[in-house]
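Remarks on the structure that follows.
Order of writing sets the labels: A, B, C, D and E. Residues in every chain begin at 1.
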């Protein structure tokens, strides 16, 4: 599989989409949709085409900046492949979810969506640290535009906050990357940004610890974890639906991916030393995020905080340092992609119909729009962690593994699932149940387009919930290669 | 002879202070000429007669005269003296002197270590000339370009002034 | 054996059909699908049970697929059938089927939720599926799936009438409170896996027996954690407060979920994990204590309720308390036996009360009923039968099971007489409040007009259940003897003094009830009206103040803090950083004032600075 | 041999001769277009001769200048900046001055001055180059015939720059008094003990003078006012050529004279660097005038660039510092010129003041997508975001800083960049917002050559941001072949 | 004919420094732009003195040559500066540098 072509294809599709607006106002979204469908098929075919036990589905090396040992070094291993596929899938969702939401500048809108996704695919497949950082930042700018141009009332603040948080933490990562390369250069005399070579860098433990911290901060900001999560509620709230879907479904995952691949992958020992802090932040995110979710009265803010809570499981799982927990983290990433994307899509649909995200302006919507109610119920239940659905598998594995590593923190995190029930059901209650809000007139229920997408995500979650083995098999070699112990 | 140096130095200092503190522009320029002439004397004493001559001819003779022209053009006569007094309240000296006086003292302190004597040899116009049109040839060319740039700039600025003046008339 | 998987599959299919059709099917089809799927399951259950018994009651299992494979954590979706599971399956499918049939009538003309008929059966079917997974799963994880699944359905059905925010609240309360218990259970699961390396039930029990000596702390901790899970699901003190509120759901729901099946899941769990409790008598002791406290508290509470369903709810709590206590004192089989008989008579009671409620147009206050026995004969008879079974009058099903429990409890070496005494007291109270309920509901003067509109589909289940409530005690339940450690129902000497007293308590209760409530024919509200008694009544009425306590200790602070911190204090840190930056900008901008001499002055300052820097060493 | 030095200063000579030609042309026929075209040609020819001048070999000419790859790289950059300036000034000046021909002479002299600085290896050439540049700039700043701001800017620049120049001259005199040589190459040898104070005082004053030209804190205060007051094309020229020339000279001087061997000098420069990074960014934070924003941002950037200078002290090998400086300045030239060409394009028909208020840029994305895209690219590049040249430049700085273990400076860089992102984003954000009903009546008749220039610069920013290899190869080749 | 004296270099430099500081003070204090320019001339002259003195120390011509460049520089600067002064007086109707203060943050 040609990853480079995939990335470039998405970039190119973005340009074509932007240009196609002159032809027809609706052309961009079709181009975008087709691009993502093709990307999904292309990725899936690589997956299906590979035999079982494949550890690497594609690898590509192109020269880039030879003076610094920088290459376009793209690899798809199981973890990357899975996330790339998720990206393509959620790309479709994002395009469909904003099908009728955007009223102007369609071309540039789709351009940004495609470019974010191209950047994300790059992030997931780059095995050259420079390239990784490059894509890491590239995906920010279109996201910024999505929020800044098509966002809601407070978009300036939200977009800037989003950008500042990720950018500043990104600078720390750049700092760490360069230091790592330099220390490796000192030890070996070779300048390289190659992931695999840097993994073997022999570092002074103290130095490794600091470098790891640089990566860690960048990733938990993106994830995000308490206490650097505060950009997320604002960004989500203000972003257009597609933006929220991408942000929650994909962009947050880059943080989780980064923690696994880089923070842990490059600095296993330092990360081990750091494990308790990582788990602590994870547990804190779970409980505090859930708690803050309950406090909110804005649909999107609530879901945003619930994302913080879910992402806590990733942190908890990764830093538990065993296979079970880490697999839990991986499954959580995928499952959260589905469930939260769906909830944000729902929030967007509601906003489009009610022109408000305030829960106090909803209530009793089930009567008016039973299909929306049922869908919301499903995804709320999923995000609450109902067994049989994807989120449960992830969270359960994460907790099960974490328990082996640190009992008190796991207990604290487990309390989070009670909190999840509190906020999840309260969302359901406030939006869809109770006395129908007299201010809400007739609203249009979900149509075929929206239902198709929703059902796709439902299938995804159920599949993940009852038979997650495909995902587990994909990520297992990666996790093994991290040197994480079994039990 | 050494005393001549010190006399010139004191003259230079005194007249310079009068330049800076003066209220009448024409007077200040005269003091400036005095200061420049004193410095020319010092140049001479330091064995640089060519520099001394240039100081008198170019500096005092040309540059200061240029100043004088402008002073005349702008009519900076008696009326402006009162304005200068208003602008130059004694309290305004405090803040600048807070910096320059310590700077001066510090510099004097730093420079007055073990004494270094000047060579006491004269470097005459001929030596200067050979150097100037030998190794420094490029620099001289550059100085010419410098003056050309100034010429073009001054021409542009001044021409506009003149044309605008004409319009007013 | 090969058809075992069909038992949960039918309800699941029923759910999918109903869910995906999104209320577009005609009611009659919904009814057929909804009740029929459970009926099919029941038939399969009978077939499977027969085969099982014919095969000598050997436990059998069926692997469906491996759920996931993560390192050594390989939970399988495997169904496991032994006597205990069979009994549970029988109850779930049998009683479940009856209740479904009843519900087709009860829900037919639902005014509050006219479009909800399909939704109702979808939830109900999903519930049955989840419950079956709970009892049939051979892996704690599968059990947990069912466990959470039934919780979800319970939530959905309690909040079925979602237009009333109170129902939503009750539903959420039920879900959240049971989730607290689930958390304990989950932790128990984690610990079990850590210690034994598996979550397969049979394998882990076998491993536990080898790994842990008697009295092992690990067993105690796990036992207590599972007990915590059971507390939540089975509404035991201190996690019992959700059950009375759960009565907000439609009455068939109360019958199925909050009486016959789901709430007994805790009993099932502890019975299933009995080896742990055998290893740790300490944990087992606390099981008994939990049961005792619950049954004691709730039977007093039931006495002063005015809502007929709440009476039954508290009664359910107390009966489950019996079961839990039974487990705690080692009367394993008796507990399961009581679980079964309780399912019969409590379902009967709920359904009968449902008929009453329906006839009175959703009037549930007993003080607004009265004199109904003539108008509603079938419900009256059913209620009466259910009540005597509940009160455990001799020869009813309840008698056999409860007697076995109390007599075993009396033999408990740790605190036998306490257990027995408490249970006996509660038995007395049970008879008392049952009598009160019957008297208030069916006798005295009629206060509300009743219209009996129940058809055959509502009456037939009542009749069948009457039969089961009366004769269910004769099943004897040999079938669990191979599973549970006490080898079946222990036969006691029915003529020992203790046994006689035990037998006498219900009669005594009925007589007292007749005396206290019968004379006034429900006219006097309660016990003698002194102020103290009124306070006691209020205390009991409130369920011994648990709700009050939780509201103030947990809910109110939680909500208040949430309100206070809506804007996330963590963000203040960043906002502070931002405003500091802005402040410095303003200061610098003021310095940038456009004045040439000021600029020059700053340059001179810089010159001085550089002078100091370069001369630093020279100046010392 | 005598022929060789002529060859190596050929670009400079071309400019000088071109200046004369232009003078004659103007004397013969006053035509704006003609003057512009001939200037453009002169600059292009000079640029084209750079490879040839290098081929003539690394040449020390009379000990005054040193024509090497390093210096000629900068010469090329200055010529590029001059070409851009000429292109974007053409229509701009039409509206602002009745006679525009002298402007092009000034551009030529200024460029020549900067080029001399880049190759200067002697105090005389250094100060002459600097002054040619400065004198030309004074006149260029107040070139427009209307408006008070250009004049105010010129006055401020003239006076303060005069102070700086004299300080620098005095410093040179002190150094000369201490060491007896005006040539850089003779410096770096230890001076006798009684002269040491002369020497270091001289170095200090020299640094002050250069720091002023670089607008480092606390010598930075003229920058925003001059940037604002000067016509936009000239501002672009000041921001790039003036700074670049001083940096080129500063680095060459520092490497040869070994001034950075003094720990307290290093400390002092570090303090200045940190101050510039932080203060520059802070000052720009809420600024509403885009030219002032760019002014403050340039203060910060110069602060960043000092990291490259200080690496000289930390490492034995000045190659890292050179390479960093060259790449960074190349990037900085491109992005600054891109920004100012957009500003110029939008200011052309604006009477009086330039389009410099942020509010003027509202909705630019929809009114003139290409210019908006270029300005966005420039802003993101200044912020150091990947996909743009600015990232490569920042990457170089980070790499250099890490190699030199300049941790504190790097932290300041991180903090400074963090603050910086905010205001760069504000520019971008403003452009994306829909126009308000009032105040958006400005129509922009951006002329073709300006738009093309901006477009090319923007494309170059992205091209080198994505694929910097050719640039790095070029820079390395120049350093390697003619390292000094 | 040698009039050249051998005098302590620092004495000349103290004079130069004094002139420099006086000039600087003038720039910092004066509001009339003419006086500011005069102060600048003073400072420049101080530099010239310093160069000549330094040249005298080494008995080289370089000091004087630098002085000549300074002369050229001063002349150039004054030419442009006075042009600006003329424009200032016209456009601002004042020679007060503080009146030219329309740009600030």
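Simple rule for what comes next: a residue touches a chain if its C-beta (ideal position, glycine included) is under 8 Å from a C-beta of that chain, and two chains touch if they have at least 3 such contacts.
Everything numeric in this text was worked out from a predicted model, so none of it was measured.
Enquirer: Count of steps on the shortest touching-chain route from chain A to chain E?
Expert: The fewest touching-chain steps linking chain A to chain E number 2.
Enquirer: Give the fewest steps needed to get from chain C to chain D, where each step moves from one chain to a chain it touches.
Expert: Counted as steps through touching chains, the separation is 1.
Enquirer: Averaging each chain's C-alpha atoms to get its centre, pick out the one most distant from chain C.
Expert: B
Enquirer: Averaging the CA atoms per chain, pick out the one whose centre lands closest to the mean of every protein CA shown.
Expert: Central chain is A.
Enquirer: Given the contact rule stated at the top, which pair of chains has the most C-beta pairs in contact?
Expert: Highest contact count among chain pairs: B-E.
Enquirer: Please tell me the distance, in whole Å, between the geometric centres of chain B and chain E computed from their C-alpha atoms.
Expert: Distance between chain centres: 5 Å.
Enquirer: So the centre of each chain is just the mean of its C-alpha atoms; given that, what is the distance between chain B and chain D in Å?
Expert: Inter-chain centre distance comes to 31 Å.
Enquirer: State, to the nearest whole Å, the distance from the C-alpha centre of chain C to the C-alpha centre of chain E.
Expert: 95
Enquirer: Centroid from C-alpha atoms only, then distance chain A to chain D, rounded to Å. What do you get?
Expert: Each chain's C-alpha centroid was found; their separation is 42 Å.
Enquirer: Hunt down the residues of chain B that sit against at least two other chains at once, touch-wise.
Expert: If we look for residues of chain B contacting two or more partner chains, we find 95-96, 99-100, 103, 107, 110-111, 113, 115-116, 136, 139, 143, 146, 149-150, 153-154, 156-157, 160.
Enquirer: Would you give the residues of chain E that are in contact with at least 2 other chains, written as numbers and ranges?
Expert: 9, 13, 23-24, 27-29, 31, 37, 53, 55, 57-58, 60, 62-63, 65, 69, 73, 76-77, 80, 83-84, 87, 97, 100-105
Enquirer: Among all residues of chain A, which ones touch two or more of the remaining chains?
Expert: In chain A, no residue touches two or more other chains.
Enquirer: Sort out which chains touch which and give me every pair.
Expert: In this structure, the chains touch in these pairs: A-C, A-D, B-C, B-D, B-E, C-D, C-E, D-E.
Enquirer: Once bound in the complex, which stretches of chain D touch chain A?
Expert: That would be residues 365-366, 380, 383, 385-387, 391, 394-395, 398-399, 402-403, 410, 414, 417-418, 421-422, 425-426, 428-429, 432-433, 467-469, 472-473, 476 of chain D.
Enquirer: Of all residues in chain D, which touch chain E in the complex?
Expert: Going through chain D, the ones touching chain E are 123-124, 127-128, 131, 135, 138-139, 142, 148-149, 151-156, 158-159, 162-163, 165-166, 169-170, 172-174, 176-177, 180, 182, 198, 224-225, 228-229, 283, 287, 292.
Enquirer: Give every residue of chain D touching chain C within the complex, in rising order.
Expert: Where chain D meets chain C, its residues are 155-156, 159-160, 163-164, 167, 196-197, 200-201, 203-205, 207-208, 211-212, 217-219, 221-222, 224-225, 262, 264-265, 267-268, 271, 279, 282-283, 285-287, 419.
Enquirer: Under the definition above, what is the set of chain A residues touching chain C in their complex?
Expert: Where chain A meets chain C, its residues are 226-227, 229-230, 233, 291-292, 294-297, 322-324, 327, 364, 366-367, 370-371, 374, 377, 381, 386-388, 392-393, 396-397, 399-400, 403-404, 410-411, 414-415, 417-418, 421-422, 425-426, 429, 432-436, 466-469, 472, 476, 486-487.
Enquirer: Quick one: in the complex, what on chain B touches chain E?
Expert: Interface residues on the chain B side: 1-2, 5-6, 9, 12-13, 16-17, 19-20, 22, 25, 28-29, 32, 35-36, 39, 42-51, 54-55, 58-59, 62-64, 66-67, 69-71, 73-74, 76, 80, 83-84, 87-88, 92-93, 95-97, 99-101, 103-104, 107-108, 111-113, 115-123, 127-128, 130-132, 136, 139, 143, 146-147, 149-151, 153-154, 156-158, 160-161, 164.
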